[in-house]
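Shared chain: chain A. Partners: chain B in the first complex, chain C in the second.
Right after this comes the complex of A and B.
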């Protein structure tokens, strides 16, 4: 079978599940309400408490990478006090990721319903959506949804979009908080996590878009049973798909038989390389993966085509991630630059491999938890797993050989996304 | 609650006066930036931490109280 490479800026959806409309165009407000019903009433404390316990019982957790329980986050925001701003993060930083784009371009009202619900729960004074300024398709869908909500007078709280510069780390929570509080869109150092939304200014609470979509389902009057599902961006040579996957699905069931792979990048560019056989029969389910020391991270599953070299791809990813540093912290600026060079040496092969490996073993641990944000930590984690998983490829490279048959880059480093 | 020495890496410019003031707490990495011991401060290291904090020209260091090293 011939595989064709779709342009990296196209995504396809798995249709017909609970989060997406059937078809790849946007649900307008009428279609959305016909399918999901109106929002459940959130008039008094009893309504709010009922919704919060639904969120708790459904086990909704963050889907941006940290997988923190949403009910806990909402409860501590309630304790922090009223008058904050709740932000839906629609700025997935990674070019391989597409689930925010998929949600916002097809079912923005569901995310906005979740956002409004969290706003009501936390007694926020305003709502916002954080979106990359150059995500034009996402922004236009969002703008359409904003207009419909304004015309129907749905939102009681002011709602606005915040435009983020297109950089990987501008989707990082502390960067968003920094910007919404009037600073610039670069990560900020917060000595403790809980102070991250406080610090004298009005609190800012950032939620991942998929998390809000799940909360939106729970806040809908038509009974969408809390199906435990997760959105996965699947990146293969056939293209890029965003799928809604139920928690009993295995990775083997997720992949097409036409995507054979020995190695998979799980969680994205700051995620982990794993051997396919180690996850083939695991469930696509964060809690069960945690038992294997693994994580879905930002929900990206990328089986490396056997025609491609994991070292070369890792080197391309590290180089790109290094270019995405916000250039604020010494260890991140200099460390990632060095890392990119030594991984490049492994990819290039030959005599420099041994020296590079020694330095990597020595210096990689020094880079952990050294930045204001976790950007370098993700790169270090991904690199560490690459060194393990591609150990035999490294030996090949040392002898100036490489197992790959293709020199075409596999992982995208561009990111404007349109639905097809 | 334990006391810990922390660094705001966005402020630090990496000259390393702190490592001279707090040799038991701070080591310089190969790029010339300080690596801070994550364990709670002891009576001995608390003194060093305070010296480093005072000496830092960028006010990049701080001492906080928290449950665990996290």
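Right after this comes the complex of A and C.
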């Protein structure tokens, strides 16, 4: 396997797999079509039905964290009626995530092919890409791809770029639906829990970029076998490293042995802390992880370097997550601030640790499933697992000790993936 | 079951029981004072003492209420949120029970001309008409605030209870005015009234001076409007 380090950019790509064919630069339309072929015909109902059943058979599912089966989502959208907007979500709110950016910066045409295919399947009236306005590398790659598609007159539907403010929750599906329907990128509670489509006359369907890339593969004329692979962002001390991982890879194979870790944060800032022993021989595969009660979330794997303290890092993450609240629901506005302060007390150590633990045990269950979006739920889940996994570290902190040797922060709290 | 509901139901029931015990003891104390003074003053003493007690309870409920929802309160470790809330509910229920004792005793009392009408209907008292009306109105206000708050989880009051709860500070001011203007002990308690009033005033300013969540929320909504770039097809 070859690794390429991009100049002025922290993301490293895994070259040689199907989703990242070129490595450090963008695949233009000619190169893309040479490798993936043209789009399969999507003219009549038989074509569409064939594609939909291929999506179903391949088991394509959402890659934003909820892992909802895409075929079910598309079918429910078809039932909801024509005339909607399909959105490719290219906004990664989490500073440690980079897989969608990697995809957009190297192979945007694959995602756009998937987007166009879902547009055709659902008889949408327009397509859109939701991207952070300060993700300049992603945007420039995207704009190049848009131009090439326009010149080749590929798209029959209008294509828009929605430039979103860089906030953690502005990439949440209901926030995107809200914004595309003319509002702001604020999560909204839909009583029917129909996460696929917004309500009203202009339905909006949101897909993760990686999901669309998989659909794009299925919609390509060169015969690609259905991929059982996942894009994983590995967070290391040297930066983020995006890899396409086949479903039989284990975590031990994924992580470099030169970087030993006892604890791993799976799924990012709203994910779970796990002991390395528990997952070392598990496969990097959502369905098999689900059996262990674990999830890859949005595909982030962050082995905590042994030089760093899990409690201090957790405290920094929770503080940052609290600052990202949409200022909408009580559990998020107040609850996350409470959590942040109590975990800060754990990280600071000393005699305040006991009181903080009591308060955490009291408050953590009260914050679950209360908000319009699941932003607080993720933080609560991450905190709960941190309390379990770092139990021995907590007792150390109580005695004013700490196992860490480094005071440098490990987890990024500002996104720097848009450098070029 | 919802945790909030569990807290408030338990707090209401236990404070009702405690409040009954407390009200009975106020009545017993008034009875013994009246017997000691060897005159038929039991009802009058009961009316005065229950009035002052109710005011102190209401003051405590208001102070706790301002502390429950204070924007800084998430950082406080000296008293848990749940404790503040339970105390707030407890004092409020006490205040209403003792006010009922106060109201009934002054309706029965012959010493001043208030009567049942004056005690229950605004502007119906022959004695100190306007100050008594303040008291009557603040009693109804307290009842309204308490009933809507205890039904805050119901569909009917989900939106309105908090709004009513905010104007409860007005009912506190009315009850305070009622106490100062009608109470026959005002001269003796004057400084107590002033200190207690100024305390709540300062606390209310401290509570409401903070930027509201509504404003932060408006800013967030304003800042998260997407820009849309139309691409040619």
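We take it that the second predicted complex is superposed on the first by the 405 of 420 C-alpha atoms of A that agree within 3 Å, B and C clash if a C-alpha of one lies under 4 Å from a C-alpha of the other, contacts with A are read in each partner's own complex, and residues count from 1 in each chain.
Following the convention adopted for this analysis, a contact is a pair of C-beta atoms (placed from the backbone, for glycine too) under 8 Å apart; a residue touches a chain by one contact, two chains touch by 3 or more.
Nothing here was measured: the structure is a model prediction, and the numbers come from that model.
Bringing the complexes onto one copy of chain A puts chain B in a clash with chain C. Once chain A of one complex is fitted onto chain A of the other, the partner contacts of A:146 are limited to chain C, with no touch recorded for chain B.
Contacts of A:212 after superposition on the shared chain: neither chain B nor chain C is touched. Of the two partner chains placed around the shared chain by superposition, neither chain B nor chain C is touched by A:202. Of the two partner chains, chain B is the only one that A:372 touches; chain C does not reach it.
In the superposed model, A:189 lies in contact with chain B only, and not with chain C.
Set against each other, chain B and chain C touch different numbers of residues in chain A, with C touching more. In the superposed model, A:163 makes contact with chain C only, not with chain B. Residue contacts after overlaying the shared chain place A:334 against chain B and chain C alike. Residue overlap on chain A between its contacts with chain B in one complex and with chain C in the other: 328, 334, 338, 366. In the complex of the two chains, the chain B residues touching chain A come out as 6, 8-14, 29-33, 35, 38, 62, 64, 66, 70. By the touch criterion stated above, chain C contacts chain A in their complex at residues 3, 74-75, 77, 80, 82, 213, 216-217, 219-233.
Contact residues on chain A toward chain B in their complex (touch as defined above): 187-189, 191-193, 328-332, 334-335, 338, 363, 366, 369-372.
Of all residues in chain A, only 130, 133, 146, 150, 153, 155-165, 167, 170, 175, 179-180, 184-186, 326-328, 333-334, 337-338, 341, 352, 355, 359, 362, 366 touch chain C in the complex they form.
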